[in-house]
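Below: one structure in structure tokens.
Chains: A, B, C and D, in written order; residue numbering restarts at 1 for each.
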């Protein structure tokens, strides 16, 4: 009967958001069918479009990978936006300062982004572990600081000649652009990077002893410490790693999407990734499809605006409805199980 | 600093004050409503829209309060009844409400609409400096200030305030004393939400005079931060809001002096708040504040022990 | 006035905590509830005070039936309970604590509360400043505060659940004074305790529980042995472990080690030999747990003067001591022992010292399979603690003990296990001692202590009041020592 | 919300003309973007065609769409002319133009097609530029401000700093100084003119300064007229709010003809762009195949600067302006028109005191377009 229950909830989990979305379409008087059709056209209609969808998929994947690390350690890494930005800043620094062949520059940018993100993540971790500042608060603060840093760089030291605009820096030299196949905007390199990192992270968490201890720390710090784990160190580790991975998202944003540094370089993907991971129920393997779906919705949202003249934030609303309803359903499911008599305690 | 500038700081901080006070109330009861950034936007939109359509500011205020009270009740329901992680729910609602405000606010962007009129307080407004700084504002501003003190009195001087602390600090003990913990948590979460909505309306019907997409983004997060910084104390939270306004304004004054930093200074409050917290958490400082008695506890500020955890009697 | 319990029954899953208990308590009587750990005393107390609703049975006060649907309902119908750890609000002042939850009417104002508190203080010579934050009060004073509150709310029946386990001698005297004068004033008092001495001292009658059933009610004073007979079923004296000659060199020394319980703490100087099994007897919170934890080197305890193989390890952390082969087995499996959400295999991997970065899951899985068979755990390598019964959780904990520990520190090693498996576990543990493991364990099971120990230390109120060679140990002896009777 | 439905008008032409319009802000911002939107709609109605509009194309609002991407999609949908309407889209539109060298495109406010400009891109034969000589509009605005101001303290709510904004704020100052001294006959030293920059064309929370706060601060520090240089209407809104509270303050909004409507009584008038005619020309030249990468910097039609069919730049006087000031303003406008008054005439110095124009020398288009600094007498950063 549990199985039947599961199926029921799975069904609801799909049905409810879909119906809700349809209602929204009707509310903004858009033809639901055409909109649905455009969803597929817009996201996968042509190789070009698929490429663009992947372009959104990449930062989402990287950010989600970062988040499952901190979630595994039981931490709310709201600071991820800042970590993405920090990575982008570090990469931009390399792109601006070093003249060299593409492979060299790109490698340097990736390493720099990794480090930049780690620094920012590490800060949040330190605040939590040493400073006793709740990671949500600390992360938030660091996000604002990171934005401040970018704006300062763009308005000050890195500003365009004679210009003081938060619009962005000069575009990087072409050597600092991620290579693309012609006709496509998305860089295969960044896609490979994202998938590779996700696999690596999942491997780390599920297969290595460090990952295991990290998860133990997240699930029950006290018991974990009884197993001889230095829980503080592992909390910090989780923030460092997450920061680094998030930093990579910053690198791809700067070097493969904007080709320059802009204040909103993180594109809010860090925050969106939190929703993705919540929806995936912290299970890594689900992140690939869900992130792809979210990317597709974002693309579709653009097509809806372009072709149906709908408001650009329609996609966001639909994503929100989806996650919210699934979350509530899961909660309802949990307590409806709890009502059942607890299985026999003790043993004879 | 001229009285006029002080007046601006007070006026422009008012929405924050409402939001911070509301969240303080909610969190005192042990519930974290993390959806502020979204629900403020949404209520700012609905508030303005309804005022615009009805031509009545009062209706606008009510609708705004109703809006974020509704969002808050979702947090409460999910956190208390469904026992979901309040933070998760809050974050999702933030995102949803933000996008929804933009989507459904489309028709009202930059429409000139009704707004709250200034109302100087006869007599008081003549007081040099203070008069211009404080008593030549609009009713909402006065309300926010009064509210701060009312909440202070409520929390620290009344029986119900005592119960509020009780359910936030040690729900099981409160329950054993016959207090209906979860019912009260619902009430305070929804009340707090309503205040947050008032904050949103204070933006769209006064401070910003109108609606446009995301024009008050981030203020919700700032309010949340100020709650922590304010150590869950209404007056300290209020102080935090004004401090924030002050720093924002001084940033402008500084632009001619250090043009590069002028853009950045507005975010200065954040690092400052963090540093302040870290400092307060230092063992050394603890040992001092512990001795200072009530003032010490005001400085220390403590999160309600039961914050963010759902309670159910077995 | 009298309180009448009619066939109260309360079960938790399979456990029958209270088995149709019927009991009458006269007004002005101090009635003792006696029974070993898990006998059902607290459950009964909770039923009376409205914290748990009984499956069946009724309670009558002066022949009127009470509805004890909630704690506050119980209080308003005149029954108040004083918990071992008083449920007070640490940040509040004393008066505010009295105020919380009190009815909102004219005669429950802050001033009246203060007035009342001062009156009580002076009546029973407590010394509680009404405005002091409760944090600053000792456990004993917090109890006094609670008593004052319950009286203020008009309690006519007062239940005290092990009130003396956490308070100092002087405070206890004070408490007893209070209870007596309350009884004289016509109040009914139910006094839950393990401590025979105390029961003898203040109770006029005592009811003994065992496994949820009433074994009998006696008028006091009566010979302590009778009570012990009721509390524990007599076994034929099991023979101790007569192999002290096989013991090896000195392995662990404690010099002036302080046992840090929340009240007085006694100094201990003792030495343990390789291969020795030492039992720590005592009531919950009598100090044996603290001793184990401080030997393990856990954070919240004093650990100076610990010598392992005659080298001072006082400054070494818990993690450090693990490397010496120390292993600590906590009592609270759920909170402290196992990581819920991780599978058995993962626990095994966690426990085994990993060198390589990548864990060899095959190996860990094989390992966990072995443990599952060896300790006959009802579960698969993939099952998580939550899906295991208490007994199986305990087996898992035991299974996670590293191969040859030097010092094994265990709380209630066989709690929740049935006789056979307990016996089997001990066979295993003893085989460890053959390899040279020294075992210290705390237990509330006399048979266990008497059967497997070379020596037994009996704790009472944070100090060791007696050391016994297992041959000297008998149920009576232990029972009375536990109650503090030498 | 159907306010942003795609415009489409049936036409007798075989297949209707398709115009792609890329806006940086929302199409209903009562400012820069709305001016473009309505200009383009006007033009497209005239020829009876369709328009594909994407608004809020900037990294903050639409992180996942870039200009080249939008252009591709528009061309994919058969757009025959693409108009990118922000200086912020410079890099994007250049990239797109390079990708589609044969598709007619316009970058409004760019200079890539200016043969003697600093950023001439000879390799892009189909990327034209259109911009209006808003300098005149701003001069009139400055004059109106100076005439109406009692305190003589005028503040300019600046967006970001670049050549364009420098020349516009300078023009405002020139207009103000002239009318303060020559018309109102007050002493130059009593005129205080300062500028604060928010950092972008419109408010981006957390990134730019908040224009509302800036405007407030202006008024608090004694300013009684704000001249807005940003795409949106915060200045006039604030002025209206204070005016309704009884203060004597005004503002001059910018870009869009209708923007006084947010607070008519506090509005001294608005210098605005009228993109309709120029966009119409462009569309027609595309249809008859004569479109070329030209650089057009169009001034007002002095016969009637508010003529919707002919004048690129207009100034619509607001209710805040007193009738006599309004008369003076007309005189000033006329003088500008008949050439009797050229405010770009020396002697003029830069902020740092170095000379911009010598005695009697008047500025060339190049000097004005690439204004390197602010003028002597203005307070505020120049980069």
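Rule of thumb we're sticking to: contacts are C-beta pairs under 8 Å (C-beta built on N, C-alpha and C of every residue); 3 or more make two chains touch, one makes a residue touch a chain.
This structure is a prediction, so every number in the text was calculated from the model and none was measured.
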item: Neighbouring chains common to subunit A and subunit D, by label; value: B
item: From subunit B, the most remote chain by mean C-alpha position; value: C
item: Rounded Å distance, subunit A centre to subunit C centre (Cα mean); value: 48
item: Rounded Å distance, subunit B centre to subunit D centre (Cα mean); value: 38
item: Computed distance of Cα centres, subunit B from subunit A, in Å; value: 28
item: CA centroid of subunit B to CA centroid of subunit C, Å; value: 46
item: Touching two or more other chains - residue numbers and ranges from subunit A; value: 28, 144, 147, 151, 155, 164, 166, 311-312
item: Contacts with 2+ other chains: residues of subunit D; value: 1, 4, 56, 61, 197, 199, 206-208, 381
item: Touching two or more other chains - residue numbers and ranges from subunit B; value: 103, 106, 213, 218, 259, 263, 267
item: Chain contact graph, described as a line, ring, star, complete graph or other shape; value: other
item: Which chain pairs touch, all of them; value: A-B, A-C, A-D, B-C, B-D
item: Residues on subunit B engaged by subunit A in the complex (per definition of touch); value: 34, 78, 81-84, 87-89, 91-93, 95-100, 102-103, 106, 213, 218, 221, 224-225, 228, 259-261, 263-264, 267, 270-271, 273-274, 277-278, 281, 303
item: Complex interface listing, subunit B residues touching subunit D; value: 2, 4-5, 7-8, 11-12, 103-104, 106-107, 109-110, 112, 115, 117-118, 207-210, 212-219, 248-249, 251-253, 255-256, 259, 262-263, 266-267
item: Partner subunit D, residues of subunit A touching it in the complex; value: 28-29, 48, 52, 55-56, 144, 147, 151, 155, 159, 162-168, 171, 185, 257-258, 260, 262-269, 298-299, 302-303, 305-312
item: Sites on subunit D touched by subunit A in the complex; value: 1-2, 4-6, 52-56, 59-66, 68-70, 72-74, 77, 87-88, 91, 160-163, 197, 199-200, 204, 206-208, 372, 381, 383
item: Subunit C partner contacts - residues on subunit A that touch it in the complex; value: 207-210, 212-213, 215-216, 219-220, 222-230, 342, 344-348
